[in-house]
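Each of the two complexes below includes chain A, the first together with chain B, the second together with chain C.
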Partner chain A sequence: MQMELIELDGPVNLVRLDGRLDAPGADTLGMRFTAATVAQGRPVIVDLSGVSFIASMGIRLLISCAKGAHLKGHKFVLFGAQPFVQDVFEQAGLDQILDIAASESEALERLSA
Partner chain B sequence: MSAIPSLASDELAALLSVTRRLAAPFKLSAMLAEVTAAACSVLQAERASVWLLDAARHELVLEVASDIRHVRIPQTHGLVGACVSARAPINVPDCYADPRFDASVDRRSGFVTRCSLTLPLVDHQDTLVGVMQVLNKRGGVFEDDDQALAEALAAQCAVALSRVRMTEQVIAAEAMRKELELAAVVQASALPQMLPQLPGYRMHATFRPAQQTGGDGYDLALVQGGLLVLLADATGHGIAPALSVTQMQAMLRMAFRLGAPLETVFHEVNDRLAETLPDSHFVTAFIGLLDPATHLLRFISGGQGPILHYQAGADAFVAHKATSFPMGAMPLRKPPKAVSMDLAAGDVLVLLSDCIYEYENAAGEVFGRERVESVVREAAAAPPSLIAERLLQTLAVFADGAPQDDDITMVLLQRQALPALS
Partner chain C sequence: MQLRLPADGASIERARLAVLEHLAAYEPSPRLVFAVELILEETLTNIVRHAYRSEGGGEGSGGEAGHQIDLQVDVDAADLVLRFGDDGAAFDPARAPAPQRPATLAEAVPGGLGVMLVRRYARSVAYERVGGRNHLTVTVARA
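Coming up: the complex of A and B.
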């Protein structure tokens, strides 16, 4: 599981994920992802287009960071989910607690909403 | 190894005493303390230390020296590193004159190293497990006979070290095995011993836990509102998720036996789990109540999906998504809404844990919903136990040896077909 952090004007954090968000993947990401999405206190958009698979531990990490960001008062928006991943989000009712946008531009719009 | 020249009887006695003590079972820290004390005494050194080789991280770890603990250095660093590379003793009469000497440890502790004798610790399988270092021979420098004695001591130390580490690994593996065993017992204890008898319906549950118990659970029980149907899956493996699922099962049975409404129960259980589950862990759960008189199944699903309703009349499926987010992830901000499912004669409710839908074969394909639907449609008229068997068989053929890494749980509820009119 790879992670890339890009700083956009704002400042806004853009985090790109690449790989499988299964238990080992989530484990590898762990602290770095939390640091980039929660600790810095900046609004963040997460590019999921490189994520080929997601399971419960990966979902847990996303929920945990979404909650953390909410507590710190900044937005956390996911975008670019592949069909399999988007299906998992919808089947599991995750669209009720995660902010999921269809594209990067929509994600950025949501930050200023 | 150099032959030991004439050993004075008291030196020999000291060496034998240490050998005897090292042969007894030891905790690592106690063993290292014994070795360094023995080295100082036998070799008349001011200080002794044992560095353990962490091969995975390519580091040497200093476990024991009188006032320094757990220092880590790259395995090529300093005199100890040179000793690892050379796999041979290094005797340095004037350390500060030797370019390999690393003075930083001295600076941290305030000790001033004059001379040193560094020896590799190689066990009986010829594996280098660490390095022993003695510093500052009282009244002089380390001589050849000191080196010979030290080598004898190092050999004993290496073997004892190997043995202690192996024991620790065995103990850790045993502890893990016990935990998994306990998790499996806890998980199995909460499952219904017998499935209820409900006129007009047949039901079946299959439970195949993974080796590392994956936190699945299910329930089928007659309660005040009718038949309780539950399929649950807690995040993680082992004892913690197994316990959270059994807790949930107990709460649900109690609440429904007391006649509490579905929405209230779901809300309460979700919020209680949100309070007690650690760090965003959650339990996906389908909770349904079937009224056998009206054949209406009302359900709320927290993160558990897809929920398949095979309709015999249309010979087609209605697939429901979860109606709420996974339970315990966070408290509910508004009351949850239930969905209703009308079970007509011949209809089958199919609840499967996600392990089945997501089961990957060697080619990287997942089993998927279409394969499940195809098996169920073909076997829909058969008793649910047979439908379950067919699903497992088809899954096994598809998997073609790919291992099961999560619990497989199936709950099937079938409303019996009305007898044909002759």
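Coming up: the complex of A and C.
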């Protein structure tokens, strides 16, 4: 699991993930992802288009960071989920509680909503 | 196809690759591959992390203590059947409290998601405790 952090104007953090969000993937990502999406205190959009697989440990990490961002008062928006990953979100009811956009531009729009 | 693996984290990836290789001959749909990977990940992770906790080695120590997991995969025209066997603490996923789908972010709790996802992606899940072993049978529709 790879992570790339890009700073956009705002400043806004764009985090791109690439790989499998299984238990080892979530573990590898853990602190860097939390730092980029929560600790820095910036609104963040997360590009999931490179994530080919997700399971409960990956979901836990996303939920935990979404909660952390909420507590810190900034937005955390996911976008670009592949169809099977989106399906998992829907099966787990996450589409109702996480901010999930269809595209990068829509994710950016949600930051200013 | 039958496998016997040490109950440790490394076995999860080994099992995944072995099952996918076996499955390839049946030309599985991408959806089936995803469902099988998810079920393997969640079920094996649960066994590795939780089944041997009471032995005092802590979470995930089953492999070191020599515990092994049996995995059998059978494919017929309609279904794929995954059978898991382990000698860890009794755990019937049907009796595990099902997490309610959270209405708000604040309500989202970390536990139970794996069991729920297995149920949703499987056609059926059956559990038996026989001779000190957990036997879990997960049937996945091929179509």
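Just so we're on the same page, the second predicted complex is superposed on the first by the 113 of 113 C-alpha atoms of A that agree within 3 Å, B and C clash if a C-alpha of one lies under 4 Å from a C-alpha of the other, contacts with A are read in each partner's own complex, and residues count from 1 in each chain.
Criterion: contacts are C-beta pairs under 8 Å (C-beta built on N, C-alpha and C of every residue); 3 or more make two chains touch, one makes a residue touch a chain.
What you see is a predicted model, and the numbers here were worked out from it, not measured in a lab.
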{"item": "Fit-or-clash call for chain B and chain C when the two complexes are aligned on chain A", "value": "clash"}
{"item": "First, second, both or neither for A:105, with chain B first and chain C second", "value": "neither"}
{"item": "Greater residue coverage of chain A in the superposed arrangement, chain B or chain C", "value": "C"}
{"item": "A:96 touches, of chain B and chain C: first, second, both or neither?", "value": "both"}
{"item": "Touched partner set for A:24, first chain B, second chain C, both or neither", "value": "second"}
{"item": "44-52, 80-88 or 170-178: stretch of chain B that collides with chain C", "value": "170-178"}
{"item": "Common interface residues of chain A - those touching chain B in one complex and chain C in the other", "value": "55-57, 59-60, 63-64, 67, 91-94, 96-97"}
{"item": "Interfacial residue positions of chain A with respect to chain C in the complex", "value": "22-24, 53, 55-57, 59-60, 63-64, 66-67, 70, 84, 88, 91-94, 96-98"}
{"item": "Chain B residues touching chain A - in the complex, by the definition given at the top", "value": "233, 235-236, 279-282, 284, 301-306, 321-326, 329-330, 354, 358"}
{"item": "Chain A residues touching chain B - in the complex, by the definition given at the top", "value": "55-57, 59-61, 63-64, 67, 90-94, 96-97"}
{"item": "Parts of chain C lying in touch with chain A, wherever the complex brings them together", "value": "9, 12-13, 30-31, 34, 37-38, 41-42, 45, 101-108, 110, 113-114, 116-117, 120-121"}
